[in-house]
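Below you will find the structure I want to go over with you.
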Amino acid sequence: MTESKESTVRLLITCPDQPGIVAAVSGFLHAKEANIIHSDQHSTDPEGGRFFMRNEFYLPGLDLDGLEDLREEFAEKVASHFPMEWSLNPVWVPKRMAILCSKVDHALMELLWRWKRGDLEADISVVISNHPDLREAVEHFGVPFHHVPSGKTLREKVIAEDTIMELMGETDIIVLARYMQILTPDFVAKYSRRIINIHHSFLPAFVGADPYRRAHQRGVKLIGATAHYVTAELDEGPIIEQDVNRVTHSHDIDDLKRLGADIERHVLARAVKWHLEDRVIVDGNKTIVFRR
Amino acid sequence: MTESKESTVRLLITCPDQPGIVAAVSGFLHAKEANIIHSDQHSTDPEGGRFFMRNEFYLPGLDLDGLEDLREEFAEKVASHFPMEWSLNPVWVPKRMAILCSKVDHALMELLWRWKRGDLEADISVVISNHPDLREAVEHFGVPFHHVPSGKTLREKVIAEDTIMELMGETDIIVLARYMQILTPDFVAKYSRRIINIHHSFLPAFVGADPYRRAHQRGVKLIGATAHYVTAELDEGPIIEQDVNRVTHSHDIDDLKRLGADIERHVLARAVKWHLEDRVIVDGNKTIVFRR
Amino acid sequence: MTESKESTVRLLITCPDQPGIVAAVSGFLHAKEANIIHSDQHSTDPEGGRFFMRNEFYLPGLDLDGLEDLREEFAEKVASHFPMEWSLNPVWVPKRMAILCSKVDHALMELLWRWKRGDLEADISVVISNHPDLREAVEHFGVPFHHVPSGKTLREKVIAEDTIMELMGETDIIVLARYMQILTPDFVAKYSRRIINIHHSFLPAFVGADPYRRAHQRGVKLIGATAHYVTAELDEGPIIEQDVNRVTHSHDIDDLKRLGADIERHVLARAVKWHLEDRVIVDGNKTIVFRR
Amino acid sequence: MTESKESTVRLLITCPDQPGIVAAVSGFLHAKEANIIHSDQHSTDPEGGRFFMRNEFYLPGLDLDGLEDLREEFAEKVASHFPMEWSLNPVWVPKRMAILCSKVDHALMELLWRWKRGDLEADISVVISNHPDLREAVEHFGVPFHHVPSGKTLREKVIAEDTIMELMGETDIIVLARYMQILTPDFVAKYSRRIINIHHSFLPAFVGADPYRRAHQRGVKLIGATAHYVTAELDEGPIIEQDVNRVTHSHDIDDLKRLGADIERHVLARAVKWHLEDRVIVDGNKTIVFRR
């Protein structure tokens, strides 16, 4: 559905499931004369499980000041009656996005190309790489590029990450488009549930380095890619999206890398798009994804 | 989710979209102390479009008498305020299903096997074929089988259909598992939105007879199957589900039929399952399918 | 292609790659006036790699005696010039197949149903289970069923396997259709490259027990199944075929099992079909699969 | 397989099937001491059908002069004994490719990006569009861009095509990357089997204009794209590749266009890649595609 985005808001809710949540939320929105465009919900178990909701609605004339008032009112009239995590996100304000990458370009180019054609609801504030190679390709899209060499020692790593944080400024999402560096626990904690990585295998198969080589050695008949939120444990964060492609005995490791690159860029692009559209809610080490 | 089905009800709603529907429905259910298990909704356009809702809820102690009362109350307190088509369907009462088939067994066997393992919420009352070949295979599942030869003239067709109707009795769904006979308009009208057919092509490609032969002649690289509700126009009814499979130049027509049979049986089984679970709402010549 | 199978032979070759193999083989077949129907080949590396060939040809009037002569002549005129593993398999003689299963029926039923409709080039000599439950379902297909309880101790296991071997007699392929018992190394060694197992996960993810439970805990977005030859190491044998299906946050473990069953039965059926059609050649811990 | 391309040649053969072709070809290559890297063949019917072969081989030291000699020798020693269409194509000489496009960029960008990363064995000589919009995007890749407005009358069309032909010069392949103009029969005939078009539907469904709108109206559950050689009849040429993607009731026409764009660019890229790698042989109105 093509929506006018002005005055459109997305409400995300996570709370223990219990009777009356939907009635309270929809009653509130109806009283405000909001026009509900999409609504999705999920309960892990109506008895003692957790409840998740995504609501997209239009409230004519709503601006950022009005949204602030709406938040206060929602907090008082609805949220205070339930132990609820929630947010009200203005659709007309693009999220700020930073991209970290290394030398290979496929995942990065896919994001930039989709962003340019209006497919990603974001302002890409900066692309940062530990190699200078992709500068021209990035700047061609009018996006600032910075080269921040990665550190070898922990001390150097921390300094590099400080530089990265300064260059990014405030950011709603950090995308690791084949960044190939392990981030420090402090960095990961600071941006919890906001860093999306693309791993070049069908997790949990082939956690860690060189997955295509290991996939080739194992003789698998499908290769895959996995987009997930980054947590302190390598390749163990909540999975957002995965996909696979068929391979045969005639494909060598370079073929797997080439074919895998196509899976990686699409899986990452879908995961980023869904995050930007507030379709992903983290539930422990899993995700609820309200796809269409 | 494994649900206890006793006292569980599915509410289906279709109406012009307008503010307040969700608030009214969820307020009503909350007041009845119903426990909502799943809820899905769709609007073709919040401004002047049509609204569709599927709600599965648990109301402790509800029996068929209680359901009748609930219907009356819902009609008065909710439905009367909107121009609403709606139904409240008891999940613990299986739908009555009849299957019509011909000589080939794959689609029929898939349904019987899934039904036997408890995957289809139905009572299969009867299997009727215009050929006697599959009698033993059907009766092995403990399902009555009847052989009703198809008529050549319209007069004979009408008589055959009368026999079929008598054998089926009241039925909630009729599945054409490769029945290969064109039904009369009267028959189709009588069971409107209740007859599901499997067509052995990816509609609207290859409408009509012998689709695999035509697919082979055209040199397509994918073959498909389509499950749809039957309407008066051949192969033009609302599509419920479609799927495809890759083929190559090395597959001849018999290969296409063999590979296609696998697509057909799965596409039909999914469509039938969704219909039985009240997941499909017809909207003109399209369907809303609330999949998981 | 629909082939008449009489006098049709499949030649399988594995050898170090070197110039002249194809010329020698095709020259030999041409001199015998064989009509080549299909020919596939693969080289892991033309320089020092391994070469694999599958050749299906028709030699009018060839019977089993003639085939024996052909083998002798091929050994002398072709194979002796190369360090070649090879076989000449008469297509008109179905392979002997035994199936081991447990309580769940989906993989077994799929094989029996495909076999009955002529889709598997095999004589199913026997179905053996460590549970009696599936007797009637198997015997309905006219296939002998035996219940051989599995042993708990190694001693009991060996006795059970001896009974199984006696019941199977000579066999070309043993299919583990969700057998759920770990075979002894002796048994596995005796039937090397002839035992096909279906593992209910996308290997190498979730090796071992209870893969659907672990897939659910990890929050994967695709579930899979893997057909592989059985070796001494659990779930580590050469992979023949794999496939996956999409799942969402709304599927619980029982849903995964139900959806996974559909993947399992198709992946196993394809792997068995390819083995029976001499399409699979084992290369170390991998397979060459000459699909169409 | 990563191949060094120097002195590597691809032999394509089409002829009526008859005994001795493979023996003659492989005997010839063996006598020349060629090292066969890949070999694929297909017969529509060993009795009276047509035979197709693709052979990739390495002949140390072979240059373009040597290739000319090889062609003469092959013509005399092999081809003259069969009514054979054949070609010997030097892999180390990239094919000349021209791209025609219009305003939308997705299919074009995918080709340019894959070409730049070395994935397409071609020299892209020129991109020509009937709109000026994509000039900067094309020139950024270092490829010449020309704007040739399309004609309305047949006279203007012929003049525009003359300009296009002049700008292209000699070319081995012309790719219509969403060109949206119907070419004249003369132009099509001149470049027979060398023009590849991407149609934005799963042919033969939705031949002609505005396929996504019609797919939406019909309520299909999968949308697709088709790459085919262009012939005089609109959207009726030999199909090279097709693919589909799942859609739901919640996708409007713009969503279908957006999702379809991803299918289009991959289907076209695969078809072009296969053509460049001599993997596609036209057989009447079908194609033989020797995929890996």
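Letters A, B, C and D mark the chains in the order given here, with residues in each chain numbered from 1 onward.
Just so we're on the same page, a residue touches a chain if its C-beta (ideal position, glycine included) is under 8 Å from a C-beta of that chain, and two chains touch if they have at least 3 such contacts.
Please read these numbers as outputs of a predicted model, since none were measured by experiment.
Give the label of the chain whose average Cα location is farthest from that of chain D.
Between chain D and the rest, the longest centre separation is with B.
More C-beta pairs touching across which pair, C-D or A-C?
By the number of C-beta pairs in contact, the winner is A-C.
Please tell me the distance, in whole Å, between the geometric centres of chain C and chain D computed from their C-alpha atoms.
Once rounded, the distance between the two centres reads 37 Å.
Find the geometric centre of each of chain A and chain C from their Cα atoms only, then give the gap between the two centres in Å, rounded to an integer.
About 42 Å, centre to centre.
Which chain D residues sit where two or more other chains touch them?
1, 38, 248, 250
Write out the stretch or stretches of chain D touching chain C in their complex.
1, 19-20, 22-23, 26-27, 29-30, 33-41, 43, 45-47, 58
Where on chain B does chain C make contact in their complex?
1-2, 105-106, 109, 113, 117, 119, 140, 248, 250-252, 254-255, 258, 262, 266, 292
Mind listing the chain C positions that touch chain A in their complex?
Its residues touching chain A are 42, 202-206, 218-222, 224, 238-244, 248-250, 283, 285-289, 291.
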